[in-house]
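Only one structure is covered here, and it is reproduced in the block below.
Order of writing sets the chain letters: A, B, C and D. Residues in each chain are counted from 1.
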Amino acid sequence: MIQFQCDYNEGAHPAIMKRLMETNMEQTVGYGMDPYCEQAREAIKKACEAPNANVHFLVGGTQTNTTVIQAALKAYQGVICAHTGHINVHETGAIENTGHKVLALPGKDGKITAEQVEKAIKDHFEDGDAEHIVQPGMVYISFPTEIGTIYTKQELTDLSSVCHKYEMPLFVDGARLGYGLTSPSCDITLPELCKLADVFYIGGTKVGAMFGEAVVINCPKLNKDFRYHIKQRGGMLAKGRLLGVQFLTLFTDNLYMQISEHANKMAMKIREAFSAKGCEFLVDSPTNQQFPILSNEMMQKLSKKYLYSPWQKVDENYTAVRFCTSWATKEENVDALIEDIKAL
Amino acid sequence: MIQFQCDYNEGAHPAIMKRLMETNMEQTVGYGMDPYCEQAREAIKKACEAPNANVHFLVGGTQTNTTVIQAALKAYQGVICAHTGHINVHETGAIENTGHKVLALPGKDGKITAEQVEKAIKDHFEDGDAEHIVQPGMVYISFPTEIGTIYTKQELTDLSSVCHKYEMPLFVDGARLGYGLTSPSCDITLPELCKLADVFYIGGTKVGAMFGEAVVINCPKLNKDFRYHIKQRGGMLAKGRLLGVQFLTLFTDNLYMQISEHANKMAMKIREAFSAKGCEFLVDSPTNQQFPILSNEMMQKLSKKYLYSPWQKVDENYTAVRFCTSWATKEENVDALIEDIKAL
Amino acid sequence: MIQFQCDYNEGAHPAIMKRLMETNMEQTVGYGMDPYCEQAREAIKKACEAPNANVHFLVGGTQTNTTVIQAALKAYQGVICAHTGHINVHETGAIENTGHKVLALPGKDGKITAEQVEKAIKDHFEDGDAEHIVQPGMVYISFPTEIGTIYTKQELTDLSSVCHKYEMPLFVDGARLGYGLTSPSCDITLPELCKLADVFYIGGTKVGAMFGEAVVINCPKLNKDFRYHIKQRGGMLAKGRLLGVQFLTLFTDNLYMQISEHANKMAMKIREAFSAKGCEFLVDSPTNQQFPILSNEMMQKLSKKYLYSPWQKVDENYTAVRFCTSWATKEENVDALIEDIKAL
Amino acid sequence: MIQFQCDYNEGAHPAIMKRLMETNMEQTVGYGMDPYCEQAREAIKKACEAPNANVHFLVGGTQTNTTVIQAALKAYQGVICAHTGHINVHETGAIENTGHKVLALPGKDGKITAEQVEKAIKDHFEDGDAEHIVQPGMVYISFPTEIGTIYTKQELTDLSSVCHKYEMPLFVDGARLGYGLTSPSCDITLPELCKLADVFYIGGTKVGAMFGEAVVINCPKLNKDFRYHIKQRGGMLAKGRLLGVQFLTLFTDNLYMQISEHANKMAMKIREAFSAKGCEFLVDSPTNQQFPILSNEMMQKLSKKYLYSPWQKVDENYTAVRFCTSWATKEENVDALIEDIKAL
């Protein structure tokens, strides 16, 4: 079976594996205080054009989301996000497990707007019973979103303005950040995004690394004692240099962006093939996740050779499904798929 | 500098690196449902002679401890452990962060006894005010302990009996399990330990793996929905097969025990050298951690060439320090150290 | 100002004050183990025709909801309730603070249906990614609901059946239970409700007591060690006999039901007056809370003499407001209000 | 049986009952925003000579401790207290349930010293592994302590200095504050104590009220949004005026101090009687709790007529027990007890 069901089917980019092998028997201190982590932090700050930022490495996405959100919120505060946000639907209540409500707003194409956020905040503070209601304390978005869409620079700027107007950090989940930044539809750069977000992360797990997320914190108050939070939440990897080596490799010679771009190209080819076949899409995604709506018959045929994710039933005969590409997607597999789509 | 300050200075055993390379571009499903995890589970159950056990793979120790303990306890229960227990002193309050008190008992050489545990349990239930006091709900020990000592088979049998008498799970933190089981002083086997513990883990991070802990659960009630707990606590690795490949390698051809034995041999050589020099020890450890008591002058001399951990000040002139060996310790480094000890 | 804005404007029913005075200098043991609590428990069990039930007294509603829900759920579980449910909107995230997600379903007139609940449960367990999603572990409803409506016997029977089919407790928040049970529209008795709910509470704070909620638990598993939960959540009143005296008085000579009926009668008079004036209502409430939709002009006039709660803006000119009656509402105040409504 | 086993055996001081009766049918707004709470706040601030303090009313001690501590600490912080501190031993892990470790120091006579506290703080911050250890974030003491002793003005001044040196709030649990301040051994006044503590509470439950604790917060940062915390922790009493009326009465005409003094006088009489009989004491308590060490025979005889608390077994034949007096203790009962002590 050829697998398109998610973007973490393979191991790590060969350049990473090579560096892990080369450094394998070196001795370093633990917990992210080694020279590789140090260099990786510098490389990331340079790529972000943010010399004063702080960079921390964690292992996975749920861990990163809970650590950042717990660090940012007071006990009576919650985090605003889209209904479809990962923290609201796909982390087994990890945020609530830290004691905080997810304040879900109805998203459009997986995105929430500055207007929505401002209304939610104002509604809270203007309520005579505000003390009886969870106070919004942070705004969480993902870039790209769960369904592959991306915010424009203007949308991000507006969200950032609202957050700062109400002294609330803006947190950008970048589990698939590379696929967003290298999308042909993207009009924002990494340094620009870094300026707008108070905290965000650069996803490694889905973009070339074995595992790992690099959290960039621009807000000194949030950064204070952040390593205590990481340790307490179980995110401080003993052999931290594994994260350092991986991110240093990804941020050497623009590798992170190059491999992201590859995934998007592969995704566009698949999109065009489904489109040419007359398929509609659940959403117009310009990144590595594509959501064509397939008939039962199409699904049956493709299932013989490919793994993909059923996403949402449209009606009895049609289902929106997800095909993912990644840094590791082989063009020959995509071409095979395209042939099979044509033959549907 | 030659590093003896901990047992996670290097990457992974070459056999693991080789398998990770070989399997790197294979496609597998995520979250530990892949064939490598499946095979690793079978290999571990076989090594434990426990066909009905359940095996789960997590990334690190603190994560594993919080996940197991949160899964086992009711809100008003706490976990009994030695004062020196890792969960009591070295996890930034991760257990309390899950809502549970650590009920610390004064340990002797890092160990607690069945008598102590029974007294603590009885004291609780016989107290007229029991409802005002945290109820013991689990017993946590580590094997080896934080200071390298190991429980005898009899001691473990007694602890297990007390736990079962009071219907309380016995949890063995095996972050360094291999170093315990292959110690010349150890009188218990892996299958025997598996029979006595309701849940324990086989540490990978400190014993040959890049990272990873294999949790073995013998208690069906505790195993129910355990994967929900793993996901909620951020421990469900997307590319779960990385854990599968590593543990499968460690449990092929007895590799786990072989490399553990090597570490112990290296530790014994260091012990003898310090002993021959007339040094006393903080504790008589038969495993990979050695705690010689050094004079300030000795420390100063050794610090020029070696990293080790200061552990506990004995008086103004003497300090107990820790030298760790591991699966990766090179005999030539040990021999160099021994020469330098002799020359002190 | 005459106050109709909530149902806790006054102290306690005079019969309760009398008993508190009479017993004031008696000496009793603490924490609810005194004879008054014992007698109150018996009186409640008798009224419920549930000799095997367990009764616990707590101080307030939020405290009761968090204690019951934390006791019932495992860490990865959440509680199903209506979007408008008190625990979802008006307790400052107290449930999330215990670590659990509130799984809100869109309610109709403040109620959820057995079909909705079953669908939510089935959707969860049939999801291939169930482990990544909060598992439903309890169903919470209120009787009457936040907006005064009540479930029919059939609706409750259906909800109870679904819950038991999926081995999930049904929890009925009865902060205003008396006002529900004595509503002219109510077709269920206290013993019948008690048979359908696994746990529910009889609200005192809003129905004649100074404060206090009597939790009735029919499920032995949930009752186990429940007093530890009460203590841990801060709900174990030192002078517990205050709760015993109050509930014993309320459950002597049918006082609880009599005073509840009074509140409903007063509410019906208010409803009729608004109705006669041509006002529409946000919801057709048969209990002590009435939600007429008033014009801005009407609101302005009534605000000169009465306190009531603005509830929900309907449009620029109209707002749904809440008028509450209670056991303490004086008929002369209601009559004055009715005259003023007529004069609008 | 005459009860001396605790200081909450009776209801409330008659002056309080009288005011509750007089105000019973008045209508007020809820949640502590009524005129009685407002006046009580003013009376307390005046008594404390702290016009800028903030005063909040909660129902009970455990609730107050969890609310204050959760409000003060960040997730990775713990609260320093004496081993014997109420939050460490007698609240069913309520503090841990909020996610925080209690950092217990060995107390002497129930007290901890500024030196101890400073050492604990310095040890933490000077530890190279500080991030792996719970960070001290607050100091909790009780006045009087669990065993009736009181801090001197100098001791409190020193503790306060250390706390402020390390920017950590000092929290004084005053569940029995009146009994401390009116002890013949006390050398500090309420305004002086108020200046030294960042937050403390004036216990009502044990000193004349039916229930209730008045929290005084001197630290604006801690006071910010404190009412959200109260609501979330279930401590916001719907009929808040019950607390207002009670504390207003207690702080009118010095009632709080007068009734406290009475309890101490009664306690001193009991102490003298035991002392005259040749009994030793577990601790030299100058307040309303006395801890004579009795022989089994003495205990047997006294148990026929009196309730008291066994506290701590001294040896096979002797046990330290607790006799409590309170605002409600009748001198005739004390005299009867004294006669019976003489007759032992």
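Some observations on this one:
Keep in mind that, in the parts below, a contact is a pair of C-beta atoms (placed from the backbone, for glycine too) under 8 Å apart; a residue touches a chain by one contact, two chains touch by 3 or more.
Since the model is a prediction, treat every value here as computed from it, not as a measurement.
Among the pairs A-C and A-D, the greater number of C-beta contacts is found at A-C.
Across the assembly, the mean Cα position most removed from that of chain A is the one of D.
Taking each chain's centre as the average of its CA atoms, chain A and chain B sit 33 Å apart.
Chain A and chain D have Cα centroids lying 50 Å from one another.
A separation of 42 Å divides the Cα centre of chain A from that of chain C.
Contact of a single residue of chain C with at least two other chains is seen at positions 75-76, 91-93, 97-99, 131-132, 135, 228, 231-232, 236. Interface residues of chain A facing chain B in the complex, by the touch rule stated above, are 1-3, 5-6, 8-12, 14, 17, 20-21, 23-30, 59-63, 66, 91-94, 97, 205-206, 210-211, 228, 231-239, 241-242, 307, 328.
Partner chain C is touched in their complex by these residues of chain B: 31, 70-71, 74-76, 98-99, 131-132, 135, 225, 227-229, 231-232, 236.
Across the interface of their complex, chain C is touched by residues 75-76, 78, 89-93, 96-102, 129, 131-135 of chain A.
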